[in-house]
Amino acid sequence: MEWETVIGLEIHAQLATRSKIFSGSSTAFGAAPNTQANLVDLGYPGVLPVLNHEAVRMAVRFGLATGGTVARRSVFARKNYFYPDLPKGYQISQYELPVVQSGSLEIVLEDGTLKRVGITRAHLEEDAGKSLHEDFHGLSGIDLNRAGTPLLEIVSEPDMRSAKEAVAYMKKIHTLVRYLEICDGNMQEGSFRCDANVSVRPKGRKEFGTRAEIKNLNSFRFVERAINYEVGRQIDLIEGGGKVMQETRLYDPDRGETRSMRSKEEANDYRYFPDPDLLPLVIDEALIEAVRATLPELPDEKAARFVADHGLSAYDAGVLTASRELAGYYESVVTDLGGQHKLSANWVMGELSGALNRDGLEVAQSRVAAPTLAGLLARIGDDTISGKIAKEVFEAMWAEGKGADEIIDARGLRKITDTSAIEKAIDDVMAKSPQQLADYRSGKDKLFGFFVGQVMKATQGKANPAQLNELLKRKLSG
Amino acid sequence: MSLHTLTVAELAAGLRARRFSSLDLTLHFLGRIERLAPALNAFVTVTADHALADARAADELLARGEGGPLTGVPIAHKDIFCTDGVLTTCGSRMLSNFVAPYDATVVERWKASGTVLLGKTNMDEFAMGSSNETSWYGPVRNPWDPVRVPGGSSGGSAAAVAACLAPAASGTDTGGSIRQPAALTNLTGLKPTYGRVSRYGMIAFASSLDQAGVLTRSAEDAALFLTAMAGFDPRDSTSVDAPVPDYLAELSRPLKGLRVGVIREFFDKGLDVRVSQLVQDAIEALRAEGATVREVSLPALPLSVPTYYVVAPAECSSNLSRFDGVRFGHRCEAPRDLLDLYKRSRGEGFGDEVKRRIMTGTYVLSAGYYDAYYLKAQQVRQVIAADFARAFRDVDVVIGPTAPTPAFELGSKTSDPITMYLNDIYTIGANLAGLPAISVPCGFVQEGGRDLPVGLQLVGPHFAESLLLSVSHQYQQLTDWHRRLPEGYA
Amino acid sequence: MSLTRAQVEGIAHLARLEISEAQLPVYVDRLSRIIDFVEQLSAADTGGVAPMAHPLADQAQRLRPDVVTETDRHEKYQQNAAAVAAGLYLVPKVID
């Protein structure tokens, strides 16, 4: 039996507003428990919600950037259920009339082809607080700082057919929301969370199989592993004569498996109805056009431009544009150098990204700024140092916070272009290696490389390769 | 004339003329409350210290010749309004330990006008009731006859003002909870247009129906308080940003030329014939002053009670979910687990009527029933609103009785919820359509050896409070029903 | 329309309300009467009528500026809570 996997993702992106969606409390991460929870967030008797303008603008941004339809009129609805991190006993969300309807994204598959993934809808809602399960003598502690933070829930069509496609889509959304500056995408802090709806069906069948929902996946790696495990679990289950239950599951990264969420197993009747404390959200042309005017160049547009105007490969353009900051850094370097696109791309994707990852830094926190890197690359271009030496210089620049020239001079790393110095080094090597010299002169041409290596070693890599080659050829020939 | 028999307008004039001080007034009312309130059970909390402090502050303003029309006037707030630092119970065990950490907008605005807080009045639990018999703090009694109910849910406010324990009190009206008690206690009770007064700080029952208002002894007094409380509040998304007229200035508009519509559907078989007669007399009095009277039909109006008893419970079932023992309010002893915490805290904290309405609401919103009940009710609501709108094309106000009977005996309608619900039959329509409405005294019937008050109800188009107040005021120049006081309280 | 005991138990659970064994039949009776009463609505002619979203038909939701206006008042607010430790509200253990 050949099986097909069907995946839809629901992504919750915390919107990067300063204040909460329905109250004026701060959304800043990491505050002491319940110090950012006011009466509205706490669901006190008599309080009422008032909608944050910026949350609406951010939702519209997303809708426009994904080619979605921005609803001229959308409605907030109450989703009713009891849980300690949900102070009012209901979450204010959107149900029948969300702020963004339809839209799509293109993802690049492993074989390089493009695939369109549909977006069913995106809607605004408030986040819940947090339960801390550390023991307070058998009790849990509830922190409501997060309660009321604005979320944009982005629901995809069930268009993905593999875990890899799902991850590619998730990464694309992740990149996009950061480009749009509507979400910081910080998965460790919980600003970007993913639920995966997974089902299987025999290949060729039109109807969908029963799906299970895997909740709260907060890394790309986990999404891939959880989906793969779940697919395997469902197939084994069906092939063993069982049926997949429509249920909510959690991924256990330590065990590498998904398991059913015991406490939420009973079907929840959310009793959605329009929230009578909020009036319909009306979005007019003026607001839409005002937001449209602020849209940045989107990742796909930027990547296409890098390919067309800079001659980069699609792959390289994709890597560079995965982060708006990285792309910006690259462009800044290229602007300073007035070109050198491939060299710049390699260094930004290579040494720079490597150093950032190693030290756990964001592009904005780079210890080598773009103009400074450009300065280093210029020294490769003008032949002051070799590419190999440049890597050493870069490490020093990163560690010491100095510019290229300062390091080069301090360490005496300039390429030796003084031919007499090179000649001397060659003479020394020839003198020290009589056997190899004799062998070379009797026909063993391959030994040329040996001499190059020895001279480079003797000059600590600083010999100008072109000059070295020429001089060595002359001298070795006799 | 005793101070407590004066209207607010008269008290304000006396305060400004320095014939008496706010402290004099306050001490006088506090004394009366101490003597007379317990028998009526009108108050949950008496805020004597607050009152004296408020009074002294008001007197200082008055001495400097400052202050406004309400400076120094003692009042009471229905215990549904959050009052900072003061117990706010909503008539429920669930909030019997709840000291509100903030003031409702209505409280803020009356305070800013210089009023003096005497205390928080008793009410039907979470505003659910028409007789003030569901309160955790016990039933309230009608000063006109202590074996009878004062109406509800603002029964405590009504009893307090009717018994001259406070010159005025705030109330809330979701299905008639200001107007019906006003009718049963010989008061003027005003429910403004939905959105006219902020709901911020008013503990929510049914969000799309609730509105804050006032119970007073005259339309002029109601105009004073409406001026103080009306107006846009950025903290309430359903608050309307529209200018607040000078309600006092318009009071003297003559009745001549007023087009009155008598609601045919209100004069049905459920209406007490004596009440009907008094209402007809009142209509005649208006006609004699030059109003034109015609019959109007609001055919969907008879469905207003079942509509209300779908919409209001649905909204309250959700509004009351926040009462779970976690952050405030009643919490059960030694909860075994989370489920037990919720079930027992809420089971113990809420009375039967509240639990019934929560369950009704939960049912009508639940999967499979939403379309048949909630959606349908909201459609019927639209039809009712359209009926009113159509009537207002031909008339300026519509008129009818406020309640089908005068005050009934305690315990006489508590066995069948529907019997109790039908008390609101004439008042609910205005809430469903969001329209302003007022009840004014229009006479008495004799029963059980007592004189029992009857109320006349006027409903106007959106934001027609000025018109309602001026018609009421003119009527109160022609009649003196509203000046009568219950025996033993004058 | 009569509600069954099981239905009423289900509703009580959804609403997190404890109803005692003794009380249950009373609730079944009263709730059945109420549902019966509101059944009248089904006969109403509402063809083509949009459900009322708000009594104020032409009002739209106001948007407030994205500004932090609140300060930390948790100590005042937590005076109302029955069980608090280290600034957290305490509840019986939440099992996921």
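First chain written, first letter: the chains are A, B and C, and each begins at residue 1.
One rule holds in what follows: a residue touches a chain if its C-beta (ideal position, glycine included) is under 8 Å from a C-beta of that chain, and two chains touch if they have at least 3 such contacts.
All figures in this text were calculated on a predicted structure; none of them were measured in a lab.
**Q** Need the most distant chain from chain B, centre defined as the mean of C-alpha atoms.
**A** Result for max centroid distance from chain B is chain A.
**Q** Applying the document's contact definition, name the chain pair with more C-beta pairs in contact, A-B or A-C.
**A** Most contacts of the two pairs: A-C.
**Q** Let me have the rounded angstrom distance from the C-alpha centre of chain B over to the C-alpha centre of chain C, please.
**A** Distance between chain centres: 23 Å.
**Q** How many angstrom lie between the centres of chain A and chain B, each centre taken as the mean Cα position?
**A** 57
**Q** Could you work out how far the Cα centre of chain A sits from that of chain C, in whole Å?
**A** So the centroids are 40 Å from each other.
**Q** Of all the residues in chain A, which ones touch at least 2 other chains?
**A** Chain A, residues with two or more chain partners: 39, 42, 44, 50-51, 82, 84, 142, 269, 271, 276, 278-279.
**Q** On chain C, where are the residues touching two or more other chains?
**A** Correct list: 14, 16, 53-54, 56, 59, 61-62, 64, 73, 77, 83, 89, 91-94.
**Q** Which residues of chain B are in contact with two or more other chains?
**A** Chain B, residues with two or more chain partners: 98, 101, 208, 234, 237-238, 317, 321, 324, 326-328, 338, 342, 362, 366.
**Q** Residues of chain B touching chain A in their complex?
**A** Residues 81-82, 88, 90, 95, 98, 100-102, 104, 199-204, 206-208, 234-238, 314-315, 317-318, 320-324, 326-328, 338, 342, 362, 365-367, 370, 374.
**Q** Using the touch rule from the top, collect the residues of chain C that touch chain B in their complex.
**A** Within the complex, chain C touches chain B at residues 3, 7-8, 11-12, 14-19, 27, 30-31, 33-35, 37-42, 44, 46, 49-56, 59, 61-62, 64, 73, 76-77, 79-83, 89, 91-94.
**Q** For chain A, which residues are in contact with chain B within the complex?
**A** It is residues 39, 42-51, 78, 80, 82, 84, 87-90, 142, 269, 271-273, 276-279 of chain A that touch chain B.
**Q** Applying the document's contact rule, which stretches of chain B touch chain C when the two form their complex?
**A** The touching residues are 97-99, 101, 194-195, 208, 234, 237-238, 240-241, 300, 303, 305-307, 309-310, 317, 321, 324-329, 331, 335-344, 346-348, 350, 355-356, 358-360, 362-364, 366, 372-373, 375-383, 385, 416-418, 421, 432-434, 462.
**Q** Can you tell me which positions in chain A touch chain C when the two form their complex?
**A** Listed in rising order, the residues of chain A that touch chain C are 17-19, 23-26, 32-39, 42, 44, 50-56, 75-76, 82-84, 131-133, 135-136, 138-144, 250, 261-263, 269, 271, 274, 276, 278-282.
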